[in-house]
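Attaching a single structure in structure tokens format; questions to follow.
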Amino acid sequence: MSQSASIPTNSAPFSALPSIHTLLLEAKAKKGLTFDAIGKAIGKDEVWVASAFYGQAKFNAEDLQKLSEVLDLPHAELTAGLGEHWFPYRGLGSAVPTDPVVYRLYEGIMVYGHPIKALINEKFGDGIMSMIDCYVKVDKKPDPKGDRVVLTFDGKFLPYAKW
Amino acid sequence: MSQSASIPTNSAPFSALPSIHTLLLEAKAKKGLTFDAIGKAIGKDEVWVASAFYGQAKFNAEDLQKLSEVLDLPHAELTAGLGEHWFPYRGLGSAVPTDPVVYRLYEGIMVYGHPIKALINEKFGDGIMSMIDCYVKVDKKPDPKGDRVVLTFDGKFLPYAKW
Amino acid sequence: MSQSASIPTNSAPFSALPSIHTLLLEAKAKKGLTFDAIGKAIGKDEVWVASAFYGQAKFNAEDLQKLSEVLDLPHAELTAGLGEHWFPYRGLGSAVPTDPVVYRLYEGIMVYGHPIKALINEKFGDGIMSMIDCYVKVDKKPDPKGDRVVLTFDGKFLPYAKW
Amino acid sequence: MSQSASIPTNSAPFSALPSIHTLLLEAKAKKGLTFDAIGKAIGKDEVWVASAFYGQAKFNAEDLQKLSEVLDLPHAELTAGLGEHWFPYRGLGSAVPTDPVVYRLYEGIMVYGHPIKALINEKFGDGIMSMIDCYVKVDKKPDPKGDRVVLTFDGKFLPYAKW
Amino acid sequence: MSQSASIPTNSAPFSALPSIHTLLLEAKAKKGLTFDAIGKAIGKDEVWVASAFYGQAKFNAEDLQKLSEVLDLPHAELTAGLGEHWFPYRGLGSAVPTDPVVYRLYEGIMVYGHPIKALINEKFGDGIMSMIDCYVKVDKKPDPKGDRVVLTFDGKFLPYAKW
Amino acid sequence: MSQSASIPTNSAPFSALPSIHTLLLEAKAKKGLTFDAIGKAIGKDEVWVASAFYGQAKFNAEDLQKLSEVLDLPHAELTAGLGEHWFPYRGLGSAVPTDPVVYRLYEGIMVYGHPIKALINEKFGDGIMSMIDCYVKVDKKPDPKGDRVVLTFDGKFLPYAKW
Amino acid sequence: MSQSASIPTNSAPFSALPSIHTLLLEAKAKKGLTFDAIGKAIGKDEVWVASAFYGQAKFNAEDLQKLSEVLDLPHAELTAGLGEHWFPYRGLGSAVPTDPVVYRLYEGIMVYGHPIKALINEKFGDGIMSMIDCYVKVDKKPDPKGDRVVLTFDGKFLPYAKW
Amino acid sequence: MSQSASIPTNSAPFSALPSIHTLLLEAKAKKGLTFDAIGKAIGKDEVWVASAFYGQAKFNAEDLQKLSEVLDLPHAELTAGLGEHWFPYRGLGSAVPTDPVVYRLYEGIMVYGHPIKALINEKFGDGIMSMIDCYVKVDKKPDPKGDRVVLTFDGKFLPYAKW
Amino acid sequence: MSQSASIPTNSAPFSALPSIHTLLLEAKAKKGLTFDAIGKAIGKDEVWVASAFYGQAKFNAEDLQKLSEVLDLPHAELTAGLGEHWFPYRGLGSAVPTDPVVYRLYEGIMVYGHPIKALINEKFGDGIMSMIDCYVKVDKKPDPKGDRVVLTFDGKFLPYAKW
Amino acid sequence: MSQSASIPTNSAPFSALPSIHTLLLEAKAKKGLTFDAIGKAIGKDEVWVASAFYGQAKFNAEDLQKLSEVLDLPHAELTAGLGEHWFPYRGLGSAVPTDPVVYRLYEGIMVYGHPIKALINEKFGDGIMSMIDCYVKVDKKPDPKGDRVVLTFDGKFLPYAKW
């Protein structure tokens, strides 16, 4: 018997998302699928899929076709809400996150951000690490002292133009 | 001929740091050493060393001893400023970073933070990824289409207590 | 005759919570149960129960089963709203609390936070007190000059990683 | 041989404190005294002493006399800076703390603050827990799985006036 | 013929209040009663009554009984919304008030707050004036050059604990 | 033997004041005078004097003359710093006060501000209570259960213009 | 044929206004009346009328009577929404306006505010220009190089009380 | 005998101004000149002169020449500080002014800003009132009930481009 | 078969717009028209059209007529919502944009804004570049290393008035 | 005779810049050179040069060599301050600019930012316009109705990665 969904996208910080995203998250919960399983079904990585489910990435027509199949959702509804004319309005939640999981990531930037900048400058010169041409991974690394989360950002270095 | 240092720690956002950190950064610049070279000399990773140079980590007595040697700085001065009684007051810069390099890291959290939380919850359950028991790496990955920065956070998963 | 509930979760700061939490709070009010009584019924401490009722902790399947019994709430509804796929989005209210009860707690941190940090560093070294592996208690201590609230946080010390 | 102090009170967030506090912290560091040792010498608890060293509590004339003895500081200087006419301007650091140690305490309030209020109201009625008539303790509790910090606030309950 | 109410509690800053407060304010308007008249009917001061009508104080069971009589409101509805289980979430409006009447009060604190603190410290020592054990009065003082508002806060002095 | 002053006007929030105010506060401390004593000497109330000492009111030429006498300060210096051409830049401290004494006053406005507005409107009509044509008093009221601070604002009602 | 109204008072920043104001603005649009025409009909200036339409001033009973006639609106509805018991909650929009028209006015204060204060102090002494006893006018001044807006504030000078 | 100046430009909000402005204000105070007198001497209006003295307008070479004469200041110093290469960085003080004189002006915009926009749109169409091509006047209007400040902004209407 | 629209104007930051703009954007999506195509149909540039679709510019009567034709929308509805009486309330989204596309534009101002001001002052003197009499263009410039966006603002220089 | 410089980099918002930038700006002013002239001397565009003078771009070794020649500044000093080890900490001024020139640019993004995003998405798909690989130009376009500023950003389009 299917369990109904429990994704309160109508409450903060998800209330800023179009309602179509609730549909996706509820369908995932009902099907009992992981992001990894959905990712495999549509040929994408689980982090990218999760990003798209939270309105932070854009499915193309082929993605939506496969998605409607794996989630048993009407293709027309997905296309109406997330089709060709829709583009993500990225960025979710308040400027300083309050949820402890997201805050820890933010704290990582507050504490290690300038050291990381110093190393990027030292190794690559004057420029940035792209967050556009960037892949993100979340891995589980078993450890007898307690499993570890390995979070990887793999972004292209972009040198500053001079003119 | 030695080049004098060019590390404006007296200007934003570094003006919040104790002046001893300027001494470290200037000595590094005069010696022409990379963070990696200093790290190898004192037996620590380059990101950790950069963090300590920016006041985000604590050298112990042995670190300070080696540091005074590799940087030709008076041991007493390092101990006076960064010794047993000093503890980092971590967190550097404004709540929303303005420098584009650091902002891109912040944007990474704004865009991918909630998807990452969703995956940590899905894979590990209710808890967080520690930023205390956490290692950070900055690697350069050569790529014919443009070198890439690979940034890794490896942090212990901590489940929420129930009582 | 039962008294209906008076928990305005549709008003600030509780409007950020999923509506299922209103259901819990109303059922508690109708039953006239204290958090302690509910805690005893489900085998948890009253502070943890209150935290979960305000969306700050996660019930597991067994908790929800017992909760549906003690509150006479449909199990399916609880599972749909707070089941396996739901994870708390923790943090409630504005950055600086305005309610005087919560503000006093905040003021405690503004006034005693740095002294407490100094003592944690002095006693334990460089690290933090965990708010994840942490138990919270609220006790009433009778006192002829006026009863006292004894608030205890019991959290694991986590030393900073060096690498 | 005395170690010189390493307390950067001239940097954030301590730059808001009168310079006399630097004198106290440096003298403590040079003497190699813990807050507990100073507390025992002047007949006060260590948390209260740490609070006073960080400008969050007021020494009386007798405290200053003993303090000048235990720290070998000129009594006149202490009296000039912290004497009868000086009163603490309490509250230290930014509204949302950035240092991870202090932030965890703040997070404790963000996550558990409303549940704590609910329990105070449930147990005591309409009123607050005083942060003025309040004692704070920081204890170290040995634990084979990792030592724990036990933080206690013991504050008088104050019922709201009705008139 | 009764005039219907004109209290826009569904608009800012009153939208944060539970809807039961709209009911109270509308009933008051329909009855054409002043806060003083209601206060006399239930044995409370007008400022306290106004505070309770704006969600800033808590009626007890006896208050609600009298209130239902004087306002011709169903007792059950008042008890359901404001009964035993409801406690005020105090604090109304933005951190810096925008309405000129409320702003003037705020300006009074910005301009005279530190001088008042200096006098409290000078006259009472290190401590605060309680806003919990505090009575507030708003009086009209006729004056040929223009009537005056006399606003009085009468709060208990609370000395800081030392321990 | 004179006691030297202990008024850290070079630290927050007083660093925004012109340095002449430090001179006044130090002279007061050295003389061991209360604001009331100074007020009597120059023919003004103590709250007004305290306000002027903290840069929130303007001494006229006669006030400065008397002030130089009672405080043994060079008249020329007072005139140079606070004379005819100087006008107060009123407002002291951050938008939300952090010191508990000042915060309690602020909290008084957050909690009772809208009820007070409701009563001013009810009693006087559409207008404000002036903070310009306003007298402020701080009285000590002995009470066996603990002395009380009685704070009074006596301000002219100003009706809104219609045109 | 009448044109229906086009006043999006349900969108920012007008969503903070009671809905009765939408009614007024729509009726004005349907009638095709200017604020000046309405002002002439009810014997008030156009700026005052516009202020009242945007919730920033209070109509009295006579104003509402005339208003219901000129706008063909039911008198009872106006009285219910804006009658004796309603008082403006003044201040509209965010602290720093974003609309370019309103921002320019704000910029006028940021740029010329302190010079204007200097001139008010120089010409009138220590006090303020009232915004309560103040008339505002918006005039159109034809100019061959482009018509000009002449904006006038005519406010009473209020000297600071001394006591 | 000349009175020395009393213009604390080294304190807030004037600390953001280049020090040359202190020189101007002190010279004005020493000479005992009004802005009007200086304006007449250099052929400019008093408000414009006050604006330039507070760093909000730019003197040209001829202005500086006359200014050095009327204030007996070295021409070279004025030119060095305010000459050809210097341009105003306009905007003074915090986003929401705290000084009551400046706040009242700000309040004028918060209360009357949207009504004024409505009238500008009604009378001129879609566009703004320029604060660049704008004249500001501060006049004193004697009135038996109390003198009045008449503040006038006379700015060009600029229609929005369409393309 | 027509594709329905996918423009979530009911979610952030578009929820501040009047609902008529949703109608426009949905009609555009259903028709499959580009802003350029609509611009050509009504004789306007694509950037101006996009601005008007997002509530940042005002259509005149003729524009609305053509728009109702090209989008097959009822003319009366467009006129009711965007007609003579409606004026844009410009400015969309939070003060610091979070969407990466808009943030990059903002970052352009944070990084190059002061240099641009320096050049405008150097080339034109003291004044501003108008954003009212300004044309904006977005062009696609093919480039073998990756197409480029060429964004042009063409605004009138406005010299500051002196008076 | 040389004119001394008038660039108040010690005042807001330039106080955040390392002092070496003051040296550059003063030397430029003494020499009476435009950014264009300096740009031609060192082979760079004037906007890029202005950006580097305000700390927003990085000179390489060759640039510094030529700069020391054209400005008659000691090469060693430039290298010490801006050499190999220095990297720009980009972003200047507050989050919302207050200077009217810079504010107009910011307003351009607030008003046209979302329409520009819509067009970039429509023309290029899901991605951003780079502010790293971007050229900026400020041109003067003579116009009989008033000269115009033509501001151009030419940035590479970067498509979002999918993975």
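In this document, chain identifiers A, B, C, D, E, F, G, H, I and J correspond to the written order of the chains, with residue numbering beginning at 1 in each.
Keep this in mind: contacts are C-beta pairs under 8 Å (C-beta built on N, C-alpha and C of every residue); 3 or more make two chains touch, one makes a residue touch a chain.
In this text the structure is predicted, and so the values were computed from the model without any measurement.
The greater number of contacting C-beta pairs, out of the two interfaces G-I and A-B, is seen for A-B.
Separation between the centroids of subunit D and subunit H, computed from CA atoms only, is 47 Å. A separation of 29 Å divides the Cα centre of subunit B from that of subunit D.
Averaging Cα coordinates per chain places subunit B and subunit G 54 Å apart.
Counting partner chains per residue, subunit H has residues 13, 47, 88, 90-91, 95-96, 98-100, 103, 107, 110-111, 117-118, 121, 127-128, 130-132, 134, 158 touching two or more of them. Pairs of chains in mutual contact: A-B, A-C, A-D, A-I, A-J, B-C, B-D, B-I, B-J, C-D, C-E, C-F, D-E, D-F, E-F, E-G, E-H, F-G, F-H, G-H, G-I, G-J, H-I, H-J, I-J. Subunit G meets subunit F in the complex at residues 44-45, 47-48, 57-58, 87-88, 117-118, 121, 126-128, 130, 132-135, 158-163.
Remark: subunit B residues 13, 34-35, 46-47, 50-51, 53-54, 56, 90-93, 95-97, 99-102, 104-124, 127-131, 134, 136, 138, 140-141, 143, 145-158 touch subunit A in the complex.
Contact residues on subunit B toward subunit I in their complex (touch as defined above): 96, 98, 100, 103, 107, 110-111.
Of all residues in subunit I, only 16-20, 76, 79-86, 88-91, 95, 131-132 touch subunit G in the complex they form.
On the side of subunit E, the complex with subunit G involves touching residues 3-8, 10-13, 28-29, 96, 98-100, 103.
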